[in-house]
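Quick one: this structure, given as structure tokens, is what I'll be asking you about.
In order of appearance the chains are A, B, C and D, and numbering begins at 1 in each one.
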Amino acid sequence: ESAGSSGGTGSGGPRRGGSLRAAFPGAGVKETMDPHAQRQFVDIARHKAVFDKLVDLDATLRPVPRLARSWTSDRTARVWRFELREAAFHDGHVLDADDVLYSLSRILSPDAADHLAKHSLSHIDLRESRAVGARGVEIALDRPDAELPTLLAMTGTAVVRKGWDDPEHPVGTGPFRFVSFTAGRSFTARRFDDHWAGAPHVDEVRVLSADTEARAAAVRGGEVHYAHELTPTFARTVAHDSRVRVVATKRSGVQGFALKTDRPPFDDPRAALAVKLLVDRERLVEVVCAGRAEVGNDLYGKGYAYYPSGLEQRERDVAEARRLLRRTGLFNKKVSFHTSTAADGFAQAAHLFTEQAGEAGLRVDVTNGPPESYFTDVLTRGTVTNHRCGAMPIPTYLSERLLTDAPQNATAWHDRDFDASYADARAVVDTGDRTARYRKVQTTLRDRGGLVLWAHPEWLNAVARTLHGVREAPPNTVDWARFDTVWLD
Amino acid sequence: MKAARVANGARVVNGVRALVERVRRVARVRRDGPVRGVPRGSRARRGRALGGGLLLVPPVAAALLGPFLAPDPVPSDGAPYAPDEGPLGTDALGRDVLALVLRGGASALGVACAAVALAVVLGGALGLAAAASRSRRVDDLLIRPVELLLPLPSLLVISLVGVGWRGHPVAVALAVAALNVPAVARLLRAAALDAASGPVAEAMRLQGESRARVLFGHVGRAVLPVAAADAGTRVGTAVFTVAAANFLGLGLDPTSPDWGVVIAASREALFVQPWAVCAPTLLLVMFTVGANLLADGLLGGGAVGGARTGSGSRTGGGRTGGARTGDGRTGGGRGDGKATA
Amino acid sequence: MLRYTLRRCAWTVVQLAVLAVVVFALTNLLPGDAATVDFNEQAGLEQVAELRAQMGLDRPWGERLLDWAYGVAHGDLGTSLVGGGPVSGVLAASIGVTATLAAVTLLLLVPLATAVGLLTGLRAGGRTDRAVSAVTLTLTSVPDFVLALLLVAFFSLRLGWLPSTWVGVDGAWWERPELFVLPVAVLLARTVCTLSRQVRAGTIAALHSGWAVQARRLGVPRGRLVLRHVLPNAAVPGVQELARTGDQLLGGVLVVEAVFAIPGTATALVEAVQNRDVPTVQGLALALAAVACLLNLGADLVTRRLAPRTEVLR
Amino acid sequence: MTGATGREQPGGDGRVGSPYGPGPLVEVRGLTARAGTATLLDGVDLTVTPGTATALVGPSGSGKTTAALALLGEAAPGVRLAGSVRVGGVAVVDDDGPAAGAADVRGRLLAYMPQHPAHALNPARRIGAVLTELARLHRPFGTGGRSAAEAYAAGALHTAGLTPDPGGKGMDGGGEQGGGVSAAEGRALRRRFPHQFSGGQRQRVALAQALACGPRVLVLDEPSTGLDTVARARLAGQLNRLVADGFGVLLLSHDHDLVRAVAPRTVLLDRGRVADTGATADVLPPPRPAPQRPYTDRPLPPPAAGDTAVPALVAHGLTAWLRTGRRGAVLHDVSVTVPEGGCVAVVGPSGSGKTVLARCLAGLHERHDGRLVLRGEPLPVLRRRTARQIRGVQYVWQEVRGSFDERRTVLEQVARTAVRLRGLPAPEAAERARRIAERLGLTPAQLTRYAAELSGGELQRAALVRALLAAPDVLVCDEITTALDATATALVTAEIARLRGRGTAVLWVGHDLALVEELADTVVILDAGSVVEAGNCRTVLASPRSGTARLLLRSRRLGAEVPAVPPEAESPEAVPPETSPPEVRPPSETDSPVHREDRPQP
């Protein structure tokens, strides 16, 4: 179970009824009710209300059953069998294996460029997959993958009704029944009393889109009960506010710098190590995250499954960094830092980095890029760039960001050995063995790779005092943005 | 670290204090000394101009002398948004707000003033020329292409500059100017039409005066109050065009000490560390208000010392509850025909 | 007058056509395209390329522009690259709120600014003038987002009198006038100064002209003198400024819309720019430009009426 | 209804008698005005009683306008008033200067028609709207007020002598003989803006404004400038009728004929002092006998033999329009030749297009067709002229006040001509300006003032200086002596003669036929934009062939033929307007086809 409820304010048990309003950062016309094309948090929150996934993730990013009651694989992790639970769609249809297979085929549809899970699920062999019995479904893979359940818990994997292809009228098995949706503004859904996990407490949920300023004002003014993703400064502002409290989820992602390892100077691991040693992580945490973060150790996913525990914390060592810089001929040379305002704190972090690097004798030339395409731009641009990542399972992080052909390889980390050992690890069915292999992969990365991960920031959501049952959960996990278990005074 | 910061802040404060004192002395000399070319009876106006001028002192001094008093770049050595570190607290990066304010005036006021000056000069020239041209075709040729820019989303232009030139001050100034040119041109054209078609302009042309002299010597002077009123309000807005570009994250450096940027970047801390927002805002307000009051004072209430009877205005309307409003006696500051400082 | 209007309308069409090309070029000059932006932080370059092809962005720009122009000529503003809906839908969804907001603001602004301008102009140089000018000037020099935050903090959070944002207001915003109070207040604070100072400048000039003096000699009382004699002459720059304000209110109140979460055109336009959603940018920019041109035309016609002597000139 | 007296209005009568009594309505005692160290008025005494007309005459710059403004409690910038002015018992000026009561008097009891009417008309408002507004302002019209006020405004316009535009038909055309102008035409007239009138017409609009107020006393500052002889005669008649209706009139004028015709009493000002007061006939010099040449004894230039003299400026087939696209024609195929050293006078009724013609020659009016030739070379419009060509043709404005910048002193402005067109250094230009000004009777001190601080006549001469500094080949003078007394006029004509002696050609626009006769060799008579007669000046004036010329000539002698009104006429209330004695009408009026219709339909 997740990291405990913070909603227990002593107001007794859950109350039924009421209309819950939650505000998320909007994405305008980009917002969609197609659960397979989702990509913004606000989309995910909406889809979560209407749809369910086979599997979801718990607070440590381990798969937990949802529509699939349980799963098993063969010894090679090539064929997986999922047992479905008895769940009804909003139109009364009862979930069966065909719905699951249809959903998978819809996700993998070749001409839907915006179905994001398509890439990570591309090894599913639909022709070999089939229904087994009344409640079973068998999924066959091209290659072994012990992480299939995790992949099925990622975004864009909701199960839809067989034959459904109308985002205007979403029909799912989720706790709320769709009522209305206007992209960039609002979404309304009513309680679905026949939900398999029991009916939600609130009668109605509205998921609204709003910019940071508006979210902050709205939750303080009582216009919404829940405001997603707020800043540490906001938390300071409402520290003594009797109407709002901040629900902070520890370690819900990572903040760092990405060094391009495919070109000088960071193709030399020593140069990268110098940077890892020269950054003042405490200071970065203090300033960029306003102290609301844990110091990072150049490893992703502190507190998540497969995190290699026991590695010593990397400390600042300016002298050693300077020595390494001299060795690699980087001393007093310039590197370019491509930053942007794409996320809070990026430019600030770059500014601090410039100062800290200067103390060690590395000069930094900061350029500011457009935020809208920053994360795509950094795939090709800049020697140093900002890096951030939300919560996801460590294997997924590795496969999406660090493999040679990974789509978001911001450090341009091209290492065949690394790819191979990762692939090997992933194919191992035995959990212990797999964990050990992952550990090795991650240690290599920490020592030689281009990721300087200095903070695991807290995830700050604001909640009105009248809203109870909100749990601290990293984004993309089962208890995050979950409105069927909360209740209003 | 903190002690050093306080010392740093104290140094800056002392510098500013000395500066204010010096400016005050200069102002005193000017107030007491004779002011050439100002007609008698305009003491009130001079006082007004001085009031505006005094308001201008802090922002202009900060902009001009600040860079010599504050380190560059301002070190980030404090806690973020700490209200009690240094005289004005710190900003998001833990930088001393006072130092930032001293550093950021030059670019904020520089870009804004340059942009507005450019806009007024270009737009003014265009508008006046269009107003004075006797051929409709010339008028159209001058003003319609500029009008094209008018409805262009300013955001589009600013973002192009922000991205294309990485928010280089010159580029930003040019962009802001370009955005203002059409508005200024149209405004001044409309305001100048009457003066440009009047007999004074004709008389000047019949005296062989050059077109430029007619435009700037007469028509320009006739629309000067309008131009000044317009430019005065535009400076403040221009600063925020830059700030708004930052508000939207358009590629300008959000860590720059530019006042507009600091205000935009610190706005979320308005209630945590108010000085980070208020200090630059206050300076900006002082600048705008001061500049406008100064212009008002210099242009004078009745710059266009209209009729030989301009004095009637005081008693007009019979709202003088028995009080004698000395029309002819004071030599009226505003009815004064010579009122062109 | 009619000839003039017709001629100006013809010009407007030309202007809009050129503007469409300019906007297209500018939007295309922006780094990145709809595909990169859409898949920002989501996917790699291959997927971006795939999406780009799906959006048709790999076609030459001339072809895209021609396609678009053909559509516009046939009354079709095109389809949004991002949402997939018709651009006219985006426009329709946002223009109502913005137009209402602008209309309410203008309705209050015109009398307010005129009154303030006349008051300060009549008392030019006096204490009232200085005080009122200083207040309005201060209001313009305080950034709108700061002003908005302060107003919200006081009236919504502390006093609880007014809603702090439009979050969650779906339809029927027109039934809730209290929603407009704070945004309109901020907009007024931003605009009243520019307009009133123009009226002030005009008033001062007009007040000292021979005919104003003569009207006073003929016993025209002060109030009437100001409203009927001085104002028409003083209003010329004000009218121009008003047109400008009007078009800014329709297209450029981005900050206010963002702070109060008002789903208006500025938000839509900025979002479209950020999404590099060229058809939407084009459609919105064109619509706003058309309104701006109309407003300018109106301002020019009024100016012509207020300075009738110019007919001698051209 | 007789003009704008408001007799028929309820309440209009009440204030005629009480509370002001039958005594003088305006009493001025020991009025002084000072500007700096100069004394503009020194102990002036003056009374104006209802039902009489008083004239205030004196040389240009003697303080007439200053005195008239003081009646309103007004003073030019920098001028301090002292003494006592009481209007209807209210103190308007006392020893501390203007008093608070002044505001109450303006318009209601006392209406002032300024000397520079163009300057005093609101450019942005239609004249009718302002007239109606003024009419309603000072008197209740009750229900249906709007249309009643409009009718009243129309009446005021009519009394002022502004009838709907001949509309292309001139005095000669006889288009109006048949019977009045239609109501629609009247409305169209009232919908015009001030700039859509000629100088003389604007003068009358300003007069109408004063009339529309329905005051007890009218103060008229040079009401006859810019009026042709017919209009002037009619004005005299109307003034007489107003006086008979109980108005008090204070007439400030250089036009002694008009003074004689209207005012039985005259106050003569000289350098700010009252030099003489009494019956007009005693105060004014005797009317000069018909054609005479008192101004100069210079022998007449050789009669312009058009073929022998070298033409300096030729205008051929000039047609001018007011609006674009050749709409609103004001000149039709006008040809004028001004020979070198010659003087051509352009005469015509007010509004006939004289100013437009002059402006075409000066290149200021661009919407015209036809050929302009200066010394054998084609002359383009002003903005295409070379400096030499600009210098060649200089124009002196009719409405001189508007042509001066408020922000520069007169000298600064005037001297620029020599700097720009003759390349003189600024000090020398100023020096020359001073010299010419001195010849015209202006002191250097006056030149260094602002336009607002000069009297009308002074300003007029300054404008002439401005043109003369160019040493032009052709000088176009548009009614440049209207605000001048006889002495100043003599100075001006002498200067003109000097110029002609040096070969400068002069195009003289004027209404004063005596002056025209004296100055010009050739006269061109314009009516409704067309030349109706042209030829040798003496011949034409002696035996005019066109109706227009005949008409103008018939009205030229004004004072002699108009009987004076007895100072104390019967109580105005006793004489309803319908029964005004016929003898108060100037005889000329009955002959005038234009003014035949003296009772507008209410």
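Operating definition for what follows: a residue touches a chain if its C-beta (ideal position, glycine included) is under 8 Å from a C-beta of that chain, and two chains touch if they have at least 3 such contacts.
Note that the coordinates shown come from a computational prediction; the quantities given were computed from them, not determined experimentally.
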Farthest chain (mean CA position) relative to chain D: A
Chain nearest the overall C-alpha centroid of the shown protein atoms: C
Chain-chain pair with the highest tally of contacting C-beta pairs: B-C
Length of the line joining the C-alpha centres of chain C and chain D, rounded to whole Å: 50
Computed distance of Cα centres, chain C from chain B, in Å: 22
Chain A and chain D: spacing of chain centres that average the CA atoms, whole Å: 89
Contacts with 2+ other chains: residues of chain C: 30-31, 145, 149, 210, 212-214, 216-217, 221, 258, 274, 307, 309, 312, 314
Chain A, residues touching no fewer than two other chains: 213, 342, 369-370
Per-residue multi-chain contacts in chain D, two or more chains: 72, 74, 103, 119-120, 123, 324
Which chain pairs touch, all of them: A-B, A-C, B-C, B-D, C-D
Residues of chain B defined as touching chain D within the complex: 134, 136, 194, 198-200, 202-210, 218, 221, 303-312, 315-318, 320, 322-329, 331-332, 335-338, 340
For the chain C and chain B complex, residues of the former touching the latter: 11, 15, 18-19, 22-23, 26-27, 29-31, 124-125, 129-130, 133-134, 137-138, 140-146, 149-150, 153, 193-194, 197-198, 200-202, 204-205, 207-210, 212-214, 216-217, 221-223, 225, 236-237, 239-241, 244, 247, 251-252, 254-255, 258, 269-270, 273-274, 281, 285, 288-293, 296, 299-300, 303, 307, 309-310, 312-314
Partner chain D, residues of chain C touching it in the complex: 3, 210-221, 224, 228-229, 232-233, 305-309, 311-312, 314
Touching residues on chain D, where the partner in the complex is chain C: 72, 74, 103, 106-108, 111-112, 114, 116, 119-125, 130, 133-134, 137-138, 193, 195, 206, 209-210, 213, 322-325, 401
Interface residues, chain A side, partner chain C - complex: 21, 23, 28-32, 39, 111, 113-114, 116, 119, 180, 182-186, 206, 208, 210-211, 213-215, 217-218, 220-221, 223-224, 342, 369-370, 372-377, 379-380, 406-409
